[in-house]
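For reference, chains read A, B, C, D and E in written order, and residue numbers begin at 1 within each chain.
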C-alpha cells in the first residue's frame, strides 16, 4: 500500500533460543523482517512456530539471542514509542477492576501519565468506558476479571492495548475466543482505527480471512525452528467489508495462504523452497 | 544549674529501693543541686556495664563486678563510693528436713544454681574452703526465678541463692522461710564478700566530686528516714507503682536492712564504709574464682572520699 | 447475615470452650496456682488491678505500634531490595538470617548501653523482631510474581518502579498480610523482652515486678493483656486484609454461588 | 559457570565488607569492647575457645533440629486445618496469635516445672516458636490458591485430600519455604532462650556464663555460632527450595534469555 | 442419531446467578437440556452467553441456583462417572511437567488410581506419550507449561481431558488457539475417538464448521440471561470428512446456524420467537 514509508520495525538476522545448555530450544531461526511505518502486517503459521516470540521480540520483552531488533530506528527498548500489546492470554491484573485494567496504560505511558491524577475520574474514565462500550462491555467496568467470560476478557484486553493510542500495536490472536459476529464487528472497528490513526500493526492470527481482511501484508511462518517463508501483499481497497471476503479475489487469496501453510507444515517441502 | 545524673538500680522496683525514690520525691536530690533520673535495672552486675558504657553516671550495683572489671579495664570501671550491703547475700538454701546441713553435705546431691551468677561462680571456692570435692556436686543450672519452685518440687536438693530475693519469694509462696528452710550463708562458710552499693563513673567522680558528695548525702539521709518510717516509704513506692505488694515489699525492706545492712561492721564503721582488710580478702577470692589476669588494688575499687561524716552514717533503728 | 452470625457464635463458643477446658484441667489435676493459675483467677486479677495495669498496657501498646510501624516500613523496603536484586538476595538473606537467629534478649542490653533504658530500646527491639518475616514474605512475593503480569507493564515501557508499584507489590499483598500476622506477635514479644530488661513501665516491667513477688496470677494477667492486644491488632489487619486481597481469596465468595 | 562464580564472589565480598565495616566502626568511634567487641576479637575467641564451645554448639543444634522438625510437622498440619476450615480459621487464628504474642521466656519456666530442666523444655520451646509462621503461611497459601486450579481436580471428582495433596500443598510451597526461613531462626531463638533459663549445656548456657564474667567477646562468639548455624540451615533449605519451587521463580531463568 | 438412548445429562429448570445482593448477575435463565448417552452436542452462542457456565454446571463445579442437574440419573457430583474436561483456559498445573499434567487424571480417577503407582513409569507413561504424539506434542512431555506456546498448551490440556477414557467429555473451545490444519487433524482424531468409545460429549465452540463436523446436535444460545433458543440436529453420515464440509448440505447448515445466532444476538428478536 505504502511501500516507501520509512521502516518502523526491523528484525535483522534475529535468532532466538529459549533456555540454556541441554534444555536449549531454538524457537526462531534466522529471521529478517521490515515493517514500514503505518503498515498492517499479519503473521500466520502453525501452532508453536514462533509467532508470539516475534511479537515479544518486537516489544522488547525478550532480547534476541543473535541479531538486532530496531523500532523507530533505535534498538528496541530505548525508543520513545507508545506500544500497545494484547497478549495471547488476556493477562488482566486480578486485583484491578476491568476499568482500572483498561486504564492502566494511561497511568504508565507519557503523555497521559502526567495527566493521570487529574483526569482519571473524568476524561480518562469516559475514554475507557467508551472503548468498553465499543467492544460490547458497557456496564462491566466495575467487575473483576474473574467475573468475566473468556471472550469478554479477551475484549477487555484488546481495550487495554488500544486506550493509549499506540503508535505500534501488537495483537496476539486478539479475537480467538470470540464468535464470528463479534469478531467481524471488531474487525471493522480495528480497521477504522487503523485508517484514522495509522498505527503500525503486527497481528497474529489463525484465521486467514481475518488476516486478509485486516492486513496489508501477510507473513507465513513455518515451524521449528520458526522462520518466515512467505510474504504476501494484500491489495484490496480500503475500507474493506465483510461482503468483500466472499469475492473471488479474496477467496483465492485465502486459498493461496492455505496452500502456503500446508507446505510450511511439512518442513522438508519448505527446506527445498527456502 | 543542676548536675544531671542518670542513676540505674540493680533490679525492678522493690521495697529495698525505697530510699532512692524517697530522696527524689522529698526533693533531697534537688536540694543538692542534682537532677537525678532513676531507671530500673537488669541485675546488679549489669549496673557496672551500664555505667561503663557511659549512658549512666551512677547506680546501685555489685562491688564484685567492679572488682572483675577493674582487673581488665581499670580506666573505664566505675568506682564504689558507698557500700550498702556490707554482708554478701549469697547463700545455700535447703529444706529444713534436708540432710544437707553444711557445705560438706553437698557431696553427691543435686544443686540448682543460676548459670553464671556469682553464687554459682563462687561454688568451687566454697567447696575448697570446706574441704569438699567440687566435682562431687551435681549442678543443674536454673534461672533465678525458678530456683525455689524446683527446690519445692524436689528436682534439686538445694539451691544457691541471693538471700534477699529468695527469702521474700518464700514469703510470697506463703511458706515460712525461717522455720521450713535452712540457710547456709557463704560468709559464714569462709567466703566473706561485700556486695551491692552505690557506684559512680570515673568521669563523675573526677569532674564533679561535689555532686557525688551531694548524691551520697541525699541517699544516706533517705536510708535513715525510710528505715525509720518503713510504712511511709512503702506507701511512696506504691504511689509510683501500684502493682507492688506492700506487705511483701515492706518485709523485704526490713529483712534486707536487718540481715545485710545493719551488720556489726556497719555499726562500727558507719553505713557506707568498709574495712580495707576485708575488701582485700574479697578481691583475692574474686580473683581466684573468676581467674582474673591481675588483682586490682582496693583503691581502684572503693573510694571513701565522698562519704558524709561518720556521725551522719550511724545505722538507724527500724521504725514501727 | 444469619450465616455470619452463626459463624461468629460458633467461633466464640470454641474460644470460650478453650478457657473452660483450661480451668477444668487446673481443677482436675490440682495444678498449683504458682505453676499455672486458673483463668478465673487471672481474670479476677485483671479486673481488680485494672487501674494499675492500664498505664503499663498503654506503654506497651504505644511502643509496639511505633516499633511495628517502623518494622513494616523497613521490612517492605528491605523485602523489595532483596526481592529484586540478586546481590541483595545473596548477601541480605544470610546476614538477616544470621541476625535473626540471635535471641533478642542478648541484643537488648547492647541497645541499653547505647540509648539507656526506656522506650528507645523497646521500640528498636520491636522493630527488628517484626522486620524479618515481612522481609522474607515480601521478597518471596516479588520473586514469585508471574512474569506474564510483569510483561504487561514492560510492554508499556514502564519503569522498574512502575512495575513494582503496579504489579510487584499488589501481587505480594497476600504474602505481606500473612507476614503481618507473624510480625505483630513478634513486635509484642520484642517490646516486652526489652521492657523486662530495661524499662520503668510496660507489661514486661509489670511481669517482672509481679514475678519478683511471686504474684503468678498477675504475671498471667500481663500475658493475657498481651494476647488480647495481639488479637486486637490482628482483627484490625484482618479487616484491612479482607478489603485489600479479596481478589486472591475469591474462592470463598465463589463457594456460596 | 563464570556467572555463578562471579555471583558467589561478589556476595562473599559484600558479607566480608560488612564485617570490615563493623571492625572499622569499632576502631574509629572507639566503641568499648564491653558495648560491642570487634569482629576480630570475636573470631579470635571463637578460634581459641573452639574446643570448649563445640559441645554447646552440638547440643543447641541437636535440640533445635528436633524442635524444628516437630514444628514443621505440626505447623503444616495446623496450617492445613486453618486454611481449609472456616471454623478453624475463626478460632485457631485468634488463639494462635494470642499465644504467639506472649514472650516465650515467660512460658519456659512452666515447661521446666512440668518436664524438668534439660532438653525437653528446649525442644518444646523451639517447636512452639517455629510453628506459627509455618501455620500462617501454609494457611495463606491454601486460602489464596486459584479456584481454577482446584476446578481441574474437582472436575475429576477428586477427594478433598486429593485436592490438598495435588493442588493446595504444591501451590502453597513458595509460602511454606518463605516461612521456613523465619521459622528456623525462631527455632534457634527458642532453644537458646530455654537454655538460658534451665540447662547445663548449649549456647544459651554458654552465653549466660560468659556474660557473668564480662567476657563479652565470648558472648559474641556464642551469638556468631548461632548466626552461623542459622545460615547453614538456611543454605540447606535454599537448595531444596530451588528444586521444589523452581516453577514459581522461573522469572530468573527467563531473564537470561 | 440415536434418539432412544437413555438420558445421560439432564438440566431441569436450571438457573444460575453469580454473586449476591446488588452485584448479582443472572448468567443463565431457566434452561432445560437433555443429552442422551453417547450423544455429541455442540453449544454455540455469542460471547458471555453462559456456555462455560453450562459446562461447569454439568461437571458439578458450581451448584445451580435454581433447578437440578442430573448426570447418569443421579444428582451431579454423586454419580460414579468418569468426567474429562478441557477448560477454556488451559489451566495446567505449573509445578508439573506436561506429561505429569496429562497423567494427572490417572492418578485421581478410579480404576486407574489404584494402579497408578505400579504403572506410572510404564503403561501410563506410554499412554500419555502416545496421546501427546497424536496431538503433535511428542518430545514435549518433559517441558513445563510455561515453556509451551498457547496452542501447544491447549493441545496438552485436551490430552489431559482424554487420557482417562472419560464417559462424559466436556470441551470448552478446545481448538480456539490452533491453526486451521491442526484443528482439522484434531477434529478427525476426536471423531474417531467418539466413534470407537462413544463418550457423551458436550462441546463449546465458536466455529460453526467445527460444530457441524463433530456434533449430532447443535444448541444455539442467546445472551444475557443466557438461554438455549434452538436445537438443530445434524444428520450427516459418519465418519465425516473435511471434504464433506464443502458440500451444499453442510454449507446450508452452517448458514442456518449463522442466521440463528444473528437473531440470538439481538435479544428483542429472540424474545418474540421464544
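The criterion applied here is as follows: a contact is a pair of C-beta atoms (placed from the backbone, for glycine too) under 8 Å apart; a residue touches a chain by one contact, two chains touch by 3 or more.
The chain lineup, named per UniProt: A, E = ABC transporter ATPase protein; C, D = Putative ABC transporter permease protein.
All of these numbers come straight from a predicted model, not from anything done at the bench.
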Query raised in the report: Within the chain touch network, how many edges lie on the shortest path between subunit A and subunit B?
Result: 2
Query - Fewest touching-chain hops separating subunit B from subunit D - result: 1
Report task. Return the distance between the CA-based centres of subunit C and subunit D, expressed in whole Å. Result -> 16
Query raised in the report: Approximately how many whole Å separate the CA-defined centres of subunit C and subunit E?
Result: 49
**Report entry** Between subunit B and subunit E, centroid-to-centroid distance (C-alpha), Å
**Finding:** 85
Report summary line: By the touch definition above, subunit D meets two or more other chains at residues 34-35, 113, 147, 196, 245, 248, 250, 254
Query raised in the report: For subunit E, which residues are shared contacts with two or more other chains?
Result: 18-19, 89, 146
Report task. Among the residues of subunit B, pick out those that touch two or more other chains and give their numbers. Result -> 49, 53, 145, 149
Report task. Enumerate the contact residues on subunit D facing subunit B in the complex. Result -> 32-35, 109, 112-113, 116-117, 196-200, 205, 208-214
Requested in this report: Quick one: which bits of subunit D touch subunit E in the complex? Just the residue numbers, please.
Outcome: 148-149, 151-158, 162, 166-167, 170-171, 173, 245, 247-248, 250
Requested in this report: Would you mind writing out the residues of subunit A in touch with subunit C in their complex?
Outcome: 56, 59-61, 77, 83-85, 87, 89, 91, 93-95, 104-105, 107-109, 144, 146, 164, 170
**Report entry** Residue numbers on subunit B that touch subunit D, as the complex places them
**Finding:** 45, 48-49, 52-53, 65, 68-69, 72-73, 76, 114-118, 120-121, 139-143, 145-146, 149-150, 153, 155, 290
Report summary line: In their shared complex, subunit C is touched by residues of subunit D numbered 7-8, 10-11, 14-15, 18, 34-36, 86-87, 90-91, 93-95, 97-106, 110, 113-114, 132-133, 136-137, 139-140, 143-145, 147, 150, 174-175, 177-179, 181-182, 184-186, 188-189, 192-193, 196, 204, 207, 219, 223, 226-231, 234-235, 238, 245, 248-252, 254
